[in-house]
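Scrolling down, you'll hit the structures one after another.
First chain A sits with chain B, and in the next complex the same chain sits with chain C.
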Partner chain A sequence: MLKRLWIPNTFRGEDTRPLRLISIVLFLLIWEGAALLANLPQLFPTPVAVVIALEQLLIAPGPPGMAWAGELMGNTLISLWRVMVGFALAAVTGVLLGIIIGWWRNARDLLEPVIEILRPIPPLAWIPLAMLWFGLGFKPAVFLIWLGAFFPILLNTVLGMENTPHKLIEVSRTLGAGPWQILFKVGVPSAAPSIMAGLRIGIGIGWMCLVAAELTGSNSGLGYMIMYYYSTMEASKTVAGMLMIGIAGYLMFIGLKKLEDRILFWKAA
Partner chain B sequence: MKIIFKLLTTFILVSLLLTSIGSLAGCAPVAPSTVRIGYLLGDLHQLPFFVAQDKGFFTEEGLNVEVVGPFEAGPAEMDALAANQIDMGYVGVAPAVLAAARKIPLSIVSGVNLEGSGLVTALDINNIAELKSKKIATPAPGSIQYVMFGMLLGGNNFGYNDIELYPGTVKPPDMPQSLQTGRIDGYFVWEPFVAKSVVGGYGKVLAESKDIWPGHPCCVIVTAGDFGRSHDSTVASVIRAHRKAIDFIAANPAEAKSIAAKWTKLDPAVIDNAFQRVKYTYSLNKDDIKKFVSEIISLGEKGIIKPIITAGDVPDLDTFVEKVVDTKYLQR
Partner chain C sequence: MSEPKLAVDKVSKTFQDKKGGSSTVALLDFSLEIGDGEFVCLVGPSGCGKTTLLKLIAGLEQASSGSICLDGKQVTAPGPERGLVFQDFALFPWRDVTGNVAFGPEVLRIPRAERLLTAQHCIDLVGLSGSGHKYPSELSGGMQQRAAIARALANNPEVLLMDEPFGSLDAQTRSLMQNELLRIWQANRKSVLFVTHSVEEAVFLSNRIVVLTPAPGRIKQVFTVDLPYPRERGDHRFVSLREEITGCLSGECI
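After this line comes the complex of A and B, so read on.
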């Protein structure tokens, strides 16, 4: 059994669900035990208290305009909508610019210095400026998600394009392909795995930026909900909101992975 | 077998790590003459704390005050109190009663000020009815300003759903600038951020908190539940220094204003304007605290605000207030 546990991921073909289930149960047991020992329900609620809070949040009226959805699902849908819009903008701009920079040397020399200066600035440092430019609510949140997701998508696209095998390009030229055909039939497909990796990293960072953005200048969404219940000192509801962020983020990651398997069918096969 | 052993070892190690985080809250208290006092960010209501430091009143009482903060909002300060990171704190009465209702052991031992908050709006808004669908910011939902704004809306047949409310997501120091740039249409906050927009000429006071409830309690001093019992004389000394500071402000308003300007780094004209709305006092009225808790419960029941404290949290109001408010230090 010990040997089975230490098989490298690459060679693993068997059902891993039991181990995953054990991981969750163990985590919940440790959490419950630690919370009971600490005995500070205002600061460290038990999983049971969090489940009760989740139930209460499901039936409580939702945020303005979404009262029908309940508080938990209403705020989750608002957050998801923001992240989808921001991520879609980042995907379009990041991939397009990445293809241009990664394919044409002059474009790289022209744009790279500016990108390298802007890239290290953490998206959260843009919050005051985002509020100043876009006001409160939806727009600054979308801007911050775009900012968080844009750079990993861009860099991975550039990397993928730059690593297009020269042999493939030369063969295409020999066979009479034009410059645009080489770009879209050779360069882009060759960079696709790297682009998909960038999209996966981008959506993760975008989701984290969203939560931070909703803590400032917002009145809806999961980040706001967490802040609200932290302010009213309801720790179990605060943790319930955090848990929902984790679950929604995990589901988005799985969705993107499935999309990747479908687009890059040759890789999955 | 080895796997089970490894899993058990991991379980025990992680449990120890997590419980040690939790048990940090129960670590040993600091030396008796040293007292850790928290305060709020840029809140002019808490001027007595800075006057007491500036004029050496704490030192005169033989105290070594460790200043902790500033905290951005009262709930964060109450968390620090619960986690034994501070022994005492200058904080709004709302977060204090909210924390007590959440079973965080604490005592309210002195008043700090009455009134001193207000609703500031853009210059083109002339009455409460015009607030409909406007963007209004308040401090965090557990703050006194949030509750007072609810009382103002309730008195005008409004609820929080009738306006676009941003509670706690625009920081009080950012509110004047947000109004000036048109990102919000108004805000309800503590001084000096009311005065800042008025003196700046881009905001006007549509309602003062004293118009909503004359002489309402505002900031108070709280002690951690067991600190008063174990350090009775220390708490008494802090309150004596605090009373000296309040007497000093009354007797020397000009010097108090210059201490306030030094501390908040604000224009003296802003401090001067803000002083008109704040009443410093150490008196503590149990009936006012009862009325305040009743108001929070009632606003939630009427649906004017989302329920923060329910009747279930405070089944017997008289017993609750008797347990939470301790006026004995004011007589010593």
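After this line comes the complex of A and C, so read on.
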């Protein structure tokens, strides 16, 4: 057992699930022990307290308009909907603009300077302006998610398009392909792995931006929920909300990874 | 010889340095005629402009002066009547073999049923029957090159241009592919212009061997190979011709 741990990862083909399960159990045990030792239930809840909080949040009535779903699931659904809309907008705009900038030199020279100036501004720095423009709730959150997800999607798409192998372009020209056919039958598919990587990074950043937006500019959603229980000093419910943020983010990531594996099956083969 | 299939007439190609400073002459006053159904090999030292010549004929590069004509018509841009096969195959990794082979007919807007039929025919011709659904990453080097040749044949080109197509294959696969190429060539009688580093490969395959000088590329000498197919590598006429051409390459002739 111990000896196995010393084998480099690349040579290990066996079942990794036991070790992964141990990791989680160990983490929960240490957490429980530390929380019991600290003995500050209001500030540092034990895992058991968090589970109880989760149960209460599941039963409690949901946010306005979503009372039927319960507080936890209602706020989760609201947050997921915001992320989906913001991410979809970022995916469409980022990929389209990325294809244009990555393919035509003139477009790149025209647009890149502006992008390079806007890109280093953290999405969080846009929160005040987003609230001035869009008020509270759905719109500023979608705006911030779009902003956060847009740049990684754009940059990875540009990178993928620019790295289209020259040989493949040449060979398609000799086979009779015209410029548009080369763009859509060679450039875009060849950039697909890079575009998918951009989407994966984009959804992660989008999720972070969502929570940030909800912490300040919203009265619903998971971010709002954890902030609310901060103000009522119920740390166990704040942690329960954080847990949900983690789980939902992880599930989205897994979903996108599955989609990626299906689209890019030719790479794995 | 009657009207040549492909006529390269006094072609020169100069590459300008990116900053417009120095320039390199890759080809100088190069002339060559290839007959219908003829198999011609180009051999010469590295950097003598062999690949440049193929790219000019393919239409991927423009000649600085001179003209290239196929069936009497001047070549200005790439076209499906000139098929090009690269050394590193250049298959589309996201398309299976059938998808790769059908790419040419697809971009030429040939109906789906018809182009799949063409693709199947070419796949069978190169000996890849039953592998149509496989992706390039699942194929060996030899099979990838077969797929690339099938893709070039799918447009039914007048001339097949091959740039060291077997250069990256191991010796055994290489010899197998040479026999296969001869079989394919004898089956459809396209004109072939074949670039190689290997004199033995050239003697084994071609009707005519054109030896080039170091850069800028010019014709040093032309050898006609009138040995009957299939050729025997141990045959004394094969060996003496190979030695003669090797000697010419290394500068022992004028």
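As a convention for this text, the second predicted complex is superposed on the first by the 256 of 269 C-alpha atoms of A that agree within 3 Å, B and C clash if a C-alpha of one lies under 4 Å from a C-alpha of the other, contacts with A are read in each partner's own complex, and residues count from 1 in each chain.
Here, a residue touches a chain if its C-beta (ideal position, glycine included) is under 8 Å from a C-beta of that chain, and two chains touch if they have at least 3 such contacts.
These numbers were taken from a predicted model, which means no experiment stands behind them.
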Partners on chain A (chain B, chain C) - clash or fit: fit
Partner chain(s) touched by A:Asn219 [first = chain B, second = chain C, both, neither]: first
Touched partner set for A:Ala125, first chain B, second chain C, both or neither: neither
Which of chain B and chain C A:Phe44 touches, first, second, both or neither: first
Superposed model, angle subtended at chain A by chain C and chain B (C-alpha, nearest 10 degrees): 160
Touched partner set for A:Met233, first chain B, second chain C, both or neither: first
Broader residue contact with chain A after superposition on the shared chain, chain B or chain C: B
Minimum Cα separation, chain C to chain B, after superposition on A (Å): 39
Where chain A meets both chain C and chain B, residue numbers: none
List of chain A residues in touch with chain C within their complex: 165, 167-168, 170-178, 181, 185-186, 189-190, 192, 266-267, 269
Interface residues, chain C side, partner chain A - complex: 55, 58-60, 78-80, 82-84, 86, 88, 90, 92-96, 103-104, 106-108, 135, 137-138, 151-152, 155
Chain A partner contacts - residues on chain B that touch it in the complex: 2-3, 7, 11, 14-15, 18-19, 21-23, 25, 73, 75, 78-79, 82-83, 98-99, 102-104, 135, 140-143, 161, 164-171, 178, 181, 183-184, 308
Contact set on chain A toward chain B in their complex: 1-2, 5, 26, 29-31, 33-35, 37-44, 64, 131-132, 135-136, 214-219, 224, 227-228, 230-234
